[in-house]
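Take a look at the structures below.
You will see chain A twice below: alongside chain B first, and alongside chain C after that.
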Partner chain A sequence: MKDRELPSLVVLVLPVVVVALAFFLLPLVRLTMIAGSGEDGLGAYLAVVTTPRYFESLLATTLLSAGVTFATLAISAVSGLFLERNRFPGRNLLISLLTFPLAFPGVVVGFMVIMLAGRQGLIGDITKFLTGDKLVFAYSMAGLFVGYVYFSIPRVILTIMAAAEKLDPALEEAARSLGASPWRVTRDVILPALKPAFIASGAIAFATAMGAFGTAFTLATNIDVLPMTIYTEFTLRANIAMAAALSIVLGIITWLVLTVSRSLAGSTVAAAG
Partner chain B sequence: MGRTRNFYLQFGFTLLVCSFLIVPVIMSVMAGITENFFKGIASGVTLKWVWQVWDLYADTIFLSMLIAIACLACTIVLGVPAAYVLSKRQGAVARAIEELLTLPLAVPGLAIALALIVTYGGFRDFRASWLFILIGHVLYTLPFMMRSVLAVLSSADFRTLEEGAASLGAGFWRRFFDIVIPNCRSGILAGSLMVVTLSMGEFNITWMLHTPENKTLPVGLADSYASMRLEVGSAYTVVFLVMIIPLLIALQKWGQPRKTRPVVEEPELPSGGRQGGKTDG
Partner chain C sequence: MVDSRGRGTSIRIRECAKTFPDGTRALEPMSLEIHGGETVVFLGPSGCGKTTTLRIIAGLESPDSGGQVWFDDEDVTALPIEHRNVGMVFQSYALFPNMNVEENIAYGLKIRKFSRGEVSSRVEEMLDMMQIHELRHRTINQLSGGQRQRVALARAIAVQPKVLLLDEPLTALDALLRERLRVDIDRLLRDLGITAVYVTHDQAEAMSLGDRIVVMSHGRVAQVGTPRQIYFEPRDPFVADFIGTMNRLSGVVENGVLTARGGSVELDEHPDGPIEILFRPESATIGNTGNSMLQGRVSGVFFLGDRTRLIIEEAGEEPVIVETAGSREFETGQRVGVDIDRDAILVL
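Entry: the complex of A and B
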């Protein structure tokens, strides 16, 4: 019976395969080829590491994304665990508010950072009132950092809460009955058990930060993160081969991070951009 | 159980995180309805910025809706059958297809857009139409539709249902349309909400693919943030929020179709073993 079904199954899956091949795989192959067809040929790939401008951009983006990932994981672990393990009035409201920005695109997140730390922002007003100096950092790497953390918190919190919900309370009770302090229970029982969730959501946060474009675009066009560099190469310098090479390198990095994390965490929790 | 100091510390921290996320939203709502944000709300409340946004950017709102609906139609037509096939077959070919279809999630939108431009940018009419943007959106949202439907397909006992129908003489297509599709409704609904929400907010791909005649809402937002006064950008953000909030509420309500997951060996054994090791050390 199974084999009699095969032709029908092929008919069902064929359209999506054709679309994916024609509009995704073929274009990606073409992009890879174009990257090697510029003045320097395949040297364009080499230029990603040998040209200081590109390499610094790659390095800065990687460091920024790593910092964002760790900050988001730390913040979300504290709040996510707290919300999952305590019941109090207003808890559902808090969860709704914390996950509210889930659907904000990067551009809107950039605008939120301007609201907080821009020229007419809240932090500027508060620091001016307190110290007389206006603290404005929205239009820099620091602003981008804040924006990416803002963007990632809702996603990571949801993953951590879902994982914490499935924890086996017996393990914790065992540890406690053996005399472990709350801090030791957290460190030795809860956090290790949440490791797959940390790896999965951390990888998504990292990959998203590496490839994010909207927030940087809103905050300033002269922040040198890789997506901005690619955009500048493509539009202002019309250096299509270099833009293609940088995109391919960026794509390989994010794909690698997600694939490795998936095999480490063993689940298929996946990204959103 | 009394609340410990620890509880209040964590509670305070969580409140702080919450205000970090929500205060700027409130500020932009206020800025969008304030006469002059620099002077504060005392300068008067007005809807003139919202009307200005409507005059300047109404077409972006309609285009975003059009693309979101078209994208939804495409992801249902393409994604639901594909999810069904992938739920039935686990061979190498099926795995490869699944890998191919979820790959757009791992590749930054900017790269997808560039790839599309260098390949199809030469077809002028196609490049200039909104269909070009639609393709990017479909690639990006398809995995979400497929995942939602797959979650349902692997949780309910479809094999028994289908075998029952087959023994009563229903052919393949009859079973697909009369048994599989109707029973996938919750997954299709959850996936649809996700697809529409993501399509409405997509920027990374869209910015590269758009033309001056084809601006979507997020493209218009970026445009207004860069070139309009703060109040207009804020009012525009408010318009976006008003459109997206019903979707978010619906997502919280119907967005979780997964009752059971196909993962088999997740519970105690592996993690328990590892913890034992760690606690000893």
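Entry: the complex of A and C
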């Protein structure tokens, strides 16, 4: 870079700096300060771990997100590979149906879960007819799990299909010529080749599940995921410092997972988002 | 290494045709016997059915019903590729990117549950044979195209397959590497004595590697023969044109003498009437105007060092190509005489 280019570069980079300051850095600093402004000062951060209600909420959210991520990856890997390798009538329609949830806000997904597994839901009706007991799980972690998996499948499946399309068919043929069974071909060749896509789309699914609010809010009642806890602390208890501390912790965990997966998968995580 | 010279597995293809689900006929019914230890090259333009035939032998495609593939005395038609014990080499190399060179070569051995000691001694042997010892710990993306194809060859022959199938293995390489690897593949196939089927669209590759060449066109076998037979005794105009350069001279025969645009050629025992004769550039010589068979005008001079390639017009309806010693100089527009070696004239 030549010295006389410096002034114009500063001018060019200025908008980015302003936006970053106004909408990211300043609020974050303010949030961090608010978290330390309560009765316990910085003890609010400690409270995240020491208060059972907060810690359980943190743990539940992380476990739920991890579970959603793995379930979504498993479902999407199988169906994504199937859709990529087979051509049949109605295939395009099926793919567009699978990517439908992309268009829904979390509230609608929550509504759909209630219609499926709520008190008046389809599963309840069927189980009542079959066993006499109504199976209702919409208003619990299980309901949230179903909703999040449904919501995460489109991004993951599209990423996996794109990666599978780029696979050289000769790789699989070479492995088979060496005697590999279909299962070994999948284990030794296909899954390793799709690993970057798994990591990239899995990280996005995890981050989305960690921060999702609308679905949890719709299903409500006895679900204690972190975004809900933050909402409760903020609006109902007016414990703003605690809400801020929880937000920072939620942000840090999600950021850590994205960062680690990015370093594992090269630079593809950002691209998949 | 077990020396299997002359004991390779024979391949018999019986009435194998291939129609794809969309109705495209990729291969008309064909039968062929490949002897044990023989190298057969399938040669033809793209879409001629050569790769389809290779994939039927490999077990990657199944022939239409009625077709059969035999390895020695075993009918392998219904066997999928993983049970046929074939080695395959691809144009795209198809090395596993998540494994290094050594692991790629060892992969087939591990699947066959060789002991750790057997695997490492076999890998060692392959690294020696392909002269890639220093690459053993490299990852695949650190290798050049030529190195990749050596690793792919090592991986394919490590498991001692019954037959080795090569699908355009040199096509992705640049000219110099291609030449060098071709010589190495030739040596390897001779040393191993393995039955090999080699698919290419490059006639030079086919001529230098094949014990026999199967020339294919539009899903049919145009001719099967040794490189010499294919070159000197092409069975039809397609084969004649596809292999090397072929001149055509058309005219009318009267009393055993062909009269063409630029002169006349004496033919032995040909019935009167219109005719087209074929001859190769090296079967013609430049003579003096006046007493040569044909007269023409030089329209193109290509100095190739050891020889000069001349394009001569007005000798026949189509330009005639003649190769002559590089020492003599020609210029365009010059009038020359052309003589044809009468023993080398083909009539199809």
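One rule holds in what follows: the second predicted complex is superposed on the first by the 251 of 273 C-alpha atoms of A that agree within 3 Å, B and C clash if a C-alpha of one lies under 4 Å from a C-alpha of the other, contacts with A are read in each partner's own complex, and residues count from 1 in each chain.
To be clear about the criterion, contacts are C-beta pairs under 8 Å (C-beta built on N, C-alpha and C of every residue); 3 or more make two chains touch, one makes a residue touch a chain.
This is a predicted model, so every value here is computed, not measured.
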First (chain B), second (chain C), both or neither touched by A:142: neither
Which of chain B and chain C A:154 touches, first, second, both or neither: first
Touching partner for A:96 - first (chain B), second (chain C), both, neither: first
Chain B versus chain C as contact partner of A:173, first or second or both or neither: second
Contacts of A:74 with chain B and chain C, given as first, second, both or neither: neither
Contacts of A:181 with chain B and chain C, given as first, second, both or neither: second
Touching partner for A:193 - first (chain B), second (chain C), both, neither: both
Which of chain B and chain C A:63 touches, first, second, both or neither: neither
Shared contact residues on chain A - chain B and chain C: 168, 171, 175, 188-189, 192-193
Contact footprint of chain A on chain B as seen in their complex: 6-7, 10-11, 13-15, 17-18, 20-25, 27-28, 31, 37-38, 77-79, 81-82, 84-86, 88-89, 97, 100-112, 114-116, 118-120, 135, 138-140, 142-144, 147, 166, 172-173, 176, 197-198, 200-204, 207-208, 218, 221-222, 225-226, 230, 233-234, 237, 240, 244, 247-248, 251-252, 263, 266-268, 271-272, 274-275, 278-279
Residues of chain C touching chain A in the complex: 58, 60, 80-88, 90-92, 94-98, 107-108, 111-112, 152, 155-156, 159, 161, 165
Residues on chain A engaged by chain C in the complex (per definition of touch): 168, 170-171, 173-181, 184, 188-189, 192-193, 195
Residue numbers on chain A that touch chain B, as the complex places them: 1, 5, 8-9, 12-13, 15-17, 19-21, 23-28, 30-31, 34, 75, 78-79, 82-83, 86, 88, 94, 96-108, 110-116, 120, 122, 150, 153-154, 166, 168, 171, 175, 182, 188-189, 192-193, 207, 210-214, 217-218, 227, 230-231, 234, 240, 243-244, 247-248, 250-251, 254-255, 258-259, 266-268, 270-273
